[in-house]
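Labels for the chains are A, B, C and D, by order of writing; each one numbers its residues from 1.
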Amino acid sequence: MAIGRETLENVFKVTNPKWRTAITKVEPNQIVTRGYSQEDLIGNISFSEMVFLLIKGEMPSKKESKLLGAVLVSFCDHGVTPPSTQAARMIASAGSPVHACIAGGLLAFGKNHAGAIERSMKALQEAFHSHESSDDIKTIARNFVDNHLKKGVKIPGFGHRYHNEDPRAKKLIEIACEYDCVGPHTQLAMEIQDILSDMKDIRMNIDGANAGILSDMGFDWRTGTGLFMIGRLPGLISHVYEEKVREPAFRKFFDMEEIYYDGIEERKVSYINFEEARD
Amino acid sequence: MAIGRETLENVFKVTNPKWRTAITKVEPNQIVTRGYSQEDLIGNISFSEMVFLLIKGEMPSKKESKLLGAVLVSFCDHGVTPPSTQAARMIASAGSPVHACIAGGLLAFGKNHAGAIERSMKALQEAFHSHESSDDIKTIARNFVDNHLKKGVKIPGFGHRYHNEDPRAKKLIEIACEYDCVGPHTQLAMEIQDILSDMKDIRMNIDGANAGILSDMGFDWRTGTGLFMIGRLPGLISHVYEEKVREPAFRKFFDMEEIYYDGIEERKVSYINFEEARD
Amino acid sequence: MAIGRETLENVFKVTNPKWRTAITKVEPNQIVTRGYSQEDLIGNISFSEMVFLLIKGEMPSKKESKLLGAVLVSFCDHGVTPPSTQAARMIASAGSPVHACIAGGLLAFGKNHAGAIERSMKALQEAFHSHESSDDIKTIARNFVDNHLKKGVKIPGFGHRYHNEDPRAKKLIEIACEYDCVGPHTQLAMEIQDILSDMKDIRMNIDGANAGILSDMGFDWRTGTGLFMIGRLPGLISHVYEEKVREPAFRKFFDMEEIYYDGIEERKVSYINFEEARD
Amino acid sequence: MAIGRETLENVFKVTNPKWRTAITKVEPNQIVTRGYSQEDLIGNISFSEMVFLLIKGEMPSKKESKLLGAVLVSFCDHGVTPPSTQAARMIASAGSPVHACIAGGLLAFGKNHAGAIERSMKALQEAFHSHESSDDIKTIARNFVDNHLKKGVKIPGFGHRYHNEDPRAKKLIEIACEYDCVGPHTQLAMEIQDILSDMKDIRMNIDGANAGILSDMGFDWRTGTGLFMIGRLPGLISHVYEEKVREPAFRKFFDMEEIYYDGIEERKVSYINFEEARD
């Protein structure tokens, strides 16, 4: 009796899939992302809609699409002040290709530089998991601030090292109101601002505003740094391009006078070590 | 006569500016990018417009904005087939934070993976610098193809390792036509496709189509990889997120059986070296 | 009375030092590292001694120098099985320059891949902070294992996904004994191995052995990943070089058949969105 | 007639090896690198010997091992002046994990920062391919300098932005002489120095000296950046560690006063664009 091909294939498995993905299906001449063929997406949706679709898996509503666009625009650039921009330009000056400069810049999105957006999203999202169902937003906000003060930790999303009143935060909240997209997380952020502003003259920054808005749109806090990176990437690219076309190669970013040496002044390799190494 | 403080400060300059930038001016509570205050940009322009503004320094026309949106959407994702996506997911599996995974993925945007867009833009842009002014596009296209064939080099932007007919390229050209945005570079790409398609059944890929369109919009070819990275970043982020939430940590990407060792079989550290190292 | 130039300079400080460092003092024609002029170090100390000097700030004893050399050699290479090596080779195949390939490889030194050495050093070092002064090593080891089992967490530094008995660990311990360099941390690791080997047939791996040895040499656990990277870098470089000189550019690391798509099958961009995007 | 198992396996290939490597063979409880079992290498060879073995595939002689050690030591650190060190510390300050800081630092090893070693090795190695066999080293050196001057390009490996006489270069050449390891490439570098020193008071730097020495040891110029990275890695790690333990998180590397904005002063988003974006 002949052995069926299927049985054989079962025995000598061609290959087991190593990868699974629910994002994009690639077949010859056919690419389907989140269920939509890419031909259907190209020209029919905005890039902000694409960002929403890729990361959340669903198409946004018209309002969500516009609001996410505003969020991404708000992350665009902060001049040469952030370490990510400085690192990217230094790497450009050292003569690395654009993609390596950008990678180096993104590596500076560490917890002190880009971490606030995720910490703020996480804190706002968790505030609604832990509160009593009868609590109103004002009470949750009060508890939120008290808990942070008690622990002595900074409230992420409030205060800025350059701006007393971050102009981006104010505008983002206005847009969210205008689009009628203010949900509980943004409301909570606004209440927290009221408390902190009275108490310490501290206001919401871009991270706090976007944390509220993105949480209300249903983004998992773990996607916060990713969304920040999407918004900031065009800025980083324009800085790397500017460095490469306008500045001298391998320029000095710091002068000798800006460096202070505070280590051991002078000693000699001992005779013992010398002998060891030599023979 | 006493020397005024200003004169002194002029002599002993407190600090000389180390950085200059024409991109963004940061002042307390005021951030101005390419001449626009960010409050004015947030909510008023789309993210594609922001990309155009940052990289070209000018606001796009309505048509350019929509077309650039289509270009960015077209770069979105190609499943887990590209080395950049694979590298980013491997790094995620190894337990690095999101920004490090993305940086690692972008490092794979080397000349073999992401280089075609810039090479294609460069070739199309240079074709118009070197031709005789009396030449029509058909002649330029013919010379273009001949020159590449003579040198025995691949024509960047044509042919794809997975697709015989890249569905994204076709749609992009349709959109460019629909928006009445087809300029000489796109025309040249289309003529080249006609020649290559007759000659070798090879068609334009996504890089060729976008190289034509972006060149017609006036983008310097040196910005090509940057624009590709902007388009692909949301896809990379969704893959890293997927790897982190759906797959086991530190999974094996290759089995022992997939590795073939073809080096020296066996030898011993000689007595001489042994002694050297020991004492 | 004229104000002296020095006084003026004091008032209008040219620049304040931005950086301080205790590692290396650079002056014209003079470079002093950890107190030694580099001319004195070059040719007089081994590279392992340099590693010790840079990271610990002091010159090692003869035995420490040899033992650190053994530790660094032990990290050298594990073929193409680690994700760091795979990622570095993928990035090389994509056509990035060597330094970008290496950076990408190192980005895979995440907590699941390279984290065990630091977790193991930390656990061994903390075990001696928290125990009763009257406890002997056997008791500390027993408590150590019990605490991990109670919490249900893996004991870092024990067990290996490819090796039942890691040949490097065994040899490292032998060397440490031979050099008479076995201190309390290594002893603790050996006691833990005795318990785990009886209980679950699990033995010390390279991370466990090195964690003990490095802790006994006084390395802060925060330097563990750094030391691993130093040891592994030559291996990564040889892999990148091998990829570049022996393999075809942009080779496929996975076939289509190894990819399984488990997302949404097919849907269309709705009319609503279409309209939105278009106008 | 029964189909043999081999035939079947041929038809339904279990898996084809995806990777080949001549570096390390990994089998359960057995790891063999360049033909040596790792147990045999650990404790028996120095780390410099391991570097030589991994990259060249052969064990060095005693003298080569010591000389390579001197080369690696010479690359150790240059304080906080190099962009790689500055970038790594910035990324550390931004709160990224050690491996991401190091990766970011290495990304600054671009052609302007680390490129000189490879360019110098390449130039020295090519000088011997292109010269007439009857030429002596003095003639080759003279032609070498003339060719660079004619093309108006900098001679890699000579001159330094901080040192008039690089103390490392001088010592390296002394060591090479002492070990009787001066071959034609080092001789050529020394002759070039004689010419440049007379002509322009320019001397060999660390890259020129190491380029000669490494070329004489038979290292392909393509491994130059890799060897530099191995030598510098311990320094980078000590800087990242120093930044993390001694400096405040997210410190400002540049003050506002050090930034000069030279772009467009002020303009408004036009009504047209406003409308476009809004609806």
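One rule holds in what follows: contacts are C-beta pairs under 8 Å (C-beta built on N, C-alpha and C of every residue); 3 or more make two chains touch, one makes a residue touch a chain.
Please read these numbers as outputs of a predicted model, since none were measured by experiment.
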Greatest separation from chain B - chain, by CA centre: C
Selected interface, B-D versus C-D, where C-beta contact pairs are more numerous: C-D
Inter-chain centre distance, chain B versus chain D - centres from mean C-alpha coordinates, in Å: 26
Chain A and chain D, separation of their C-alpha mean positions in angstrom: 32
Between chain D and chain C, distance of the C-alpha-averaged centres to the nearest whole Å: 20
Shared interface positions of chain D, touching two or more other chains: 14-15, 18-26, 37, 41, 43, 45-46, 66, 69, 79-81, 96-97, 99-100, 103-104, 107, 109-110, 114, 162, 253-254, 256, 259, 261, 277-278
Residue numbers on chain A that touch chain D, as the complex places them: 3, 8-9, 11-15, 66, 69, 79-81, 83-84, 86-87, 90-97, 100-101, 103-104, 107-115, 161-162, 249-250, 252-254, 256, 259, 261, 277-278
Chain B-facing residues of chain D, complex: 14-26, 32, 34-37, 40-41, 43-46, 49, 57, 59, 62, 65, 96-97, 99-100, 103-104, 254-270, 272-274, 276-278
Chain D contact footprint on chain C (complex, rising order): 18-26, 28-31, 33, 37-39, 41-43, 45-48, 50-51, 54-55, 66, 69-70, 72-74, 76-81, 89, 97-100, 102-104, 106-107, 109-110, 114, 162-168, 170-172, 174-175, 178, 220, 222-223, 225-227, 229-231, 233-235, 237-242, 244-246, 253-254
